[in-house]
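Pasting the structures in now, so scroll down.
Consider the two complexes below, in which chain A is the common component and chain B and chain C are the respective partners.
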Partner chain A sequence: MNRWVQGLRELRGYPSAVGGLAIILFLVALSLYTVITIPYSEALDRWRGGDHWQMNPVNAGPVWADRLLGGNLPQTRVVESDNADVREAPFEGGKQVRIPLTFEYDNEGFPSELNLFLNQKGTQQEAFVRLTWHTPSGETIPLGGQRVSEEDRISISQNRALEGRLGMVPHVGLFAGGSDPADPRAERGDYRLTVDAMLFDPGAELEADLAVYGRVHGLAGTDYQRRNLMLALMWGTPVALAFGLLAAVGTTITTLVIAATGVWYRGWVDALIQRLTEVNMILPMLPILVMVGTLYSTSIWLMLGVVIALGIFSAGIKTYRAMLLPIREAPYIEAARAYGAGNARIILRYMIPRILPVLIPTFVTLIPTFVFLEASLAVLGLGDPELPTWGKVLNDAQEQSALYNGFYYWVVAPAVLLMLTGLGFAMFGFALDRVFNPRLRTQ
Partner chain B sequence: MNSRLRDFRRLGWFTLRRVLALFVTVLIGVYLTIVIANMGGKVDELRKLQIRSTVSESVRADPSFSEMDSEKRNELIKEQVQLQIEQRNLDEPFIWRSFDYLAQAIQLDLGRAEEMHSDTGSRAVYDIIVERLPATLLLFGTANLLVFFVSVYAALYLSRRYGSRLDRAVIGLAPSSAAPAWFYGIFLILLFAFVVPVLPAGGMVAIPPPEDPWVYAGSVLEHLVLPVIAMFLSSIFISIYSWRTFFLIHSSEDYVEMARAKGLPSNLIQSRYILRPTLAPIITNFLLMLIGLWSGAIILEQVFNWPGLGTLLFQAIGHRDTPVIIGGVVIFAYLLAVTVFMLDFLYAILDPRVRIEGGEQ
Partner chain C sequence: MTAEEPLLQATNLHTWFELRQWGFLRVGSVRAVDGVDFELGRGESVAFVGESGCGKSSLARTLLGLHNPSHGDVIFEGQHLSELKGEARRQYLARVGYVQQDPFGALPPFMDVRRLLSEPLIIHGVKDRDERERRICQALQEVRLTQVDEILPKFPHMLSGGQQQRVVIARALLLEPAMLIADEPVSMLDASVRVEILNLLRRIQTERGLTLAFITHDLSTVRHYADRIFVMYAGRVVEQAPVEQLLDNPQHPYTRALLAAIADVDADNALDERDVPDGEPPSLLHPPEGCRFHPRCPQAMAGLCDRQDPPLFEPEAGHYSACWLQDPERD
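What follows is the complex of A and B.
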């Protein structure tokens, strides 16, 4: 025990160990926080996409990146009718409602989209809605009218007729003021969208929410399905750590036990293990994983199982065998046999603990390998179909040509997290190696 | 004379046993791949379904059969399906066929692809693989040779300046190799193809390929830069680190100290006292690296859109084109076995212990 404490104390002298450990602790804390605040089922449900995200912009970058570069791009804002000064005028068999949705626009650039969400309560009847747009300079632009059912969405951005009239896409044209259509600039000030509705039921109520989608969103931005990337970045952490740790533990321990068994029993057991290791060397790991992924299922747990199964007879057996061979002949093993220790006891309690300190650095440096393996599979499109992981974010980005379209944040954020994980474990592992395997320090 | 004869006999005996062991190894490895690539026979079911749908489609589309009544037509479809299934031996149980496949694969009779074909239109697996080989060899050969020689020389240099600032800097950078090459590739593409567009983002030559051979070579070279840098970055520091450790251990041997004490020049010490005894592991490493070239790298090739073997294998898996998958694995297995055997043989000649004890340990 003393040796461990001493080793740990010594680690404090290595800045890379402290740095690596700090990164690992940060990642562990982040995963704990994520798992506690966003339960597993909720994360899966949200990542599937859909209505959760309808108030998010498409492909918006992170806010901080824009502000850091001195930009002032708009964030999404929702103007709700609950806060508006609604006027009602009843008529026979229904009522007329006027909802003014007012907001102040004080950003550079234009919104990325305009949507109006309508929700009619207390009736089955379709209502008729007419929209009018008022700019700060006093201009009034009619946006046309249409019938709406109980719950409806009017995509102002996709109003082709309006686009033709403005000569620009509506979410630009409506904000451009009188500026040159070739180089439009957003006009700042108070805008108003007036919703005039005819409800054909005296008891009906109408709610209207105007979503002015921004160009930047939150800490991590959003993807092409409006999903907040923060969810995937956060949930990717526990998934990556769990996958890396389980795969590393699974392969190292099984390999070690098998190597020790072979060394202890010698003879045909050893020979069989050696031959199996050689067979395994021929099997190409990644193509087999890809085959399993395409032919069977891409579940992350199946992949984990295959990785461990292929790792059992890995080339590491040869190294461990070389380390264990001299230990087999050590006097303390003979002593253990003399007082009647069984085979399993000698292997598990006498031989393996002896080489554990040498193995721990290897083990720590092995973790990022598997983290990256998971990401690699995801980048090939063989990521888990449900779980949000860093690799899947990268894969989505690749498929949507994020780099080509200039959505750098989409690639950079997961890549930085992957790099951080890799660096953290590698730095810590290398420092451990120097502390626990001091063959070079005497130089 | 007598002892030399005994040596030869031992060596021959050792060689025979190694060849046998390696052959069995290749046999089992290839067989496992065949079973996995066929999903334990499930791919056959898919193939039968496919035959059935294509045959019925073609019969229905053929105007000369349109007059036939439906029962007769169904009969005809059934017959043709049966014919095709028999043609491909799909009516035999998978277990037997798997051994057939194994025998063919071991004889390097790679057969014909199910779906894929080479750019020249050939369906022979051999042609398909050979077509992709130069691209992979070019990329991975350049990168790996670069990494190998740079790291060995740098390691020799650093091991003589153990503890210097440069040495510590390189050790400090070693953890950067935790990330694979494709990962650096993404960053390089981002930086040099999009932020500062100076190099192409992917592919092997410009589209359309230039006519002039010099321009063609230049274009290939241009496309080669980013993937080579990515591979170089991802493995150079860890490679230098491990070689340096290796040389340090060997340069602290007593006979090296002795040579130093004798006052021999450091170049002589390096070439005769450090490099020569460590030549065997260096050669091993070099040969294993050369075989490693063969398998390519699926993801790096995908990221850079490089038309090599990795991409081929990935496409083959996507098409469930088992002959191509198995062909790739078989060749890899043979190359690995041959290399391992050559190394064993080399060691047996170089290392007297092997001769005396007959090869065990």
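What follows is the complex of A and C.
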């Protein structure tokens, strides 16, 4: 309709509308990208944790933040035996394999962890491996030997004996290059881990991957379960937008229709609606949600349902009623009755469209309040048990004392996204208000 | 009066609005229409005249089915309005068109002309878009809005007052009514377009053979646009007659007062005292006993007018007046 087109054209004159719309479009684009590139089931599966993340460091900050502050902390690198110069020497009933895993280390600080992943193929027999560490300065540190099964992980960082010998945790001690244990400094240069393995089957193959875990990871960092926070931040966007939009649509439309119905029929219908609204207005929403979440389920869809159900008879009914009362008496409605329009048609086609333009801005500013509500529920531990959302990230961060431990990124990223959402919709909503609400017009 | 069956008949029609306290206690009734009888023939143009608050708009709304009569009934083409339900009632609504006072208010501001003219057709089951378009164009031509393509996409606020009222009339004509009810159709229009609209209504009425019921407070215009006049006072019809008879030979004192109040264009008479009755129309909540006009009537007869309600007398053929002065048995 051309009134809407005109209104939208007018919006271009408001910087806040343009800015708000840009933010909203960015969030929508991010949502679409996320949903297309990471399917829902995959997102849930990954967020559950497990082996998918085993090559990620624990509690690593975002790379860009470190680089921006002039740091040079290590990122995770994996040295694979596929690229190594593997030597094999057969003997009766098996073979001896030497895998040199070489890498260059030129970062400040130390890695956060050292793990060696071993994968033996073509045999059921256990193998025996012996590890030797070569530092750039030529020092050779034996890391001991052990039996390994088909698929095994040697956690070098957890090697207590080694820690005792080095006087520091291994992933620091092995890189310290003999510097003062009280103030260790990383030695730069080429390191080598030699894996000497005895395989007791001539047909066996051994793969060895050395994971040198970094202290920074990706755009968003990782959490205590090595999960890439980017997954939750990205998937949190469509979840938040969908929750906010559905809740806003659900409550606004039902509220509007109910208010219009009451105004149109008057009498006991109106009285009943008003009394229900008044009762509902004094019901505290958050405690009810907490109760539902505790007693039944914290599924986001159940929460959405409860939010909408509690929102139906909200204070909005009073506002809409006040706006609709004069419209009820408008001559065009009398005319519509005179040419035979039914009750439903009058309510939906003649009364509600009259106040819609005034409601659009309210509707837009309502969306982030529901986004915040969902996040608040998650922070209170009532988030969806499966879905990765911004609120869940905040909840995890809080439970792991992220701020106390200095993992600011863990709290800041979801909080910024939440604020961005609120800002975008608020800016756009206020501009819409100026365009569509005649009382706020300046000209 | 024609000998054939009247198109519309009102029998002892009452429209009372109940006043309630706390939603259920009845504390009285506003007697907006209080016992009205008349017959309207096919192709007849009548005017209901009276001061504001005399119940003429309530009467119009009752005829349109917007208010339910408290007593009595409206009989339209032999059907009792109060017995019509559902589809039959909708059919009745299609047979009676409504032209309102405020043309801008009468058009939904959020619909363009095409949309708002489609509405009655959609409601009455015209599903074919081309058929609707055809009928809309025809109706717009009939009200002399010939630039159809220009008018259709416009919103009501983009039209002039006269154009708006033409659209309202076109909307009333869309459903092929047998009768048009026009509630003060020109009182909110610019003086320059009033005559055009009145002529348009009159022309449509004669061309289509419609029954046209004007509601107006302005006696000066009715002569050219109505065949018969009903004068209403406090919810009753106090005088009814063919237009010439009523204007040239008014019987009821109230009618005489109304005629006297018409502005006189003769400058010599500007300072003349007029015989306009004092006071205001009576409360419709507690109408006076006897004749309702008696507190303001210069010829009120004590002991009669304030005691007994006058019936309709017929001082000359086709001319009825509810006043004891016309009682042939008086004196």
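We adopt the following convention: the second predicted complex is superposed on the first by the 440 of 443 C-alpha atoms of A that agree within 3 Å, B and C clash if a C-alpha of one lies under 4 Å from a C-alpha of the other, contacts with A are read in each partner's own complex, and residues count from 1 in each chain.
Please note the rule applied: a residue touches a chain if its C-beta (ideal position, glycine included) is under 8 Å from a C-beta of that chain, and two chains touch if they have at least 3 such contacts.
Treat the numbers as computed from the prediction; the structure is a model and nothing was measured.
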- Message: Under the superposition described at the top, does placing chain B and chain C together on chain A give a clash or a fit?
- Response: fit
- Query: First (chain B), second (chain C), both or neither: which does A:Val279 touch?
  - Reply: first
- Query: Among the partners chain B and chain C, which is in contact with a greater number of residues of chain A?
  - Reply: B
- Message: A:Arg354 in the overlay: touching chain B, chain C, both, or neither? Say first, second, both or neither.
- Response: second
- Does chain B (first) or chain C (second) touch A:Leu394, or do both, or does neither? first
- Would you check which partner chain A:Leu256 touches, where first means chain B only, second means chain C only, and both and neither mean what they say? neither
- Task: Put down the vertex angle at chain A formed with chain B and chain C, C-alpha centres only, nearest 10°.
- Result: 60
- Message: Let me test your reading of the model: by the given contact rule, A:Ala335 touches which partner, first (chain B), second (chain C), both or neither?
- Response: second
- Gap in Å between nearest CA atoms once chain C and chain B share a frame through chain A: 7
- Intersection of the chain A residues that touch chain B with those that touch chain C: none
- Give every residue of chain A touching chain C within the complex, in rising order. 1-3, 267-268, 271, 330-332, 334-342, 345, 349-350, 353-354, 356
- Any idea which chain C residues touch chain A in the complex? 23, 61, 64-66, 89-90, 93-94, 96-98, 100-102, 105-110, 112, 119-120, 123-124, 153, 155, 168, 171-172, 175
- Listed in rising order, the residues of chain B that touch chain A in the complex are 21-22, 24-26, 28-30, 32-33, 36-37, 39, 42-43, 162-163, 171-172, 174-180, 182-183, 186-187, 189-190, 193-195, 201, 245, 248-249, 252, 295, 298-299, 302-303, 313-314, 317-318, 320, 325, 328-329, 332-333, 336-337, 340
- Where on chain A does chain B make contact in their complex? 16, 20, 275, 278-284, 286-288, 290-292, 294-296, 365, 368-369, 372, 375-376, 379-380, 394, 398, 403-404, 406, 408, 411-412, 415, 418-419, 422-423, 425-427, 429-430, 439-440, 443
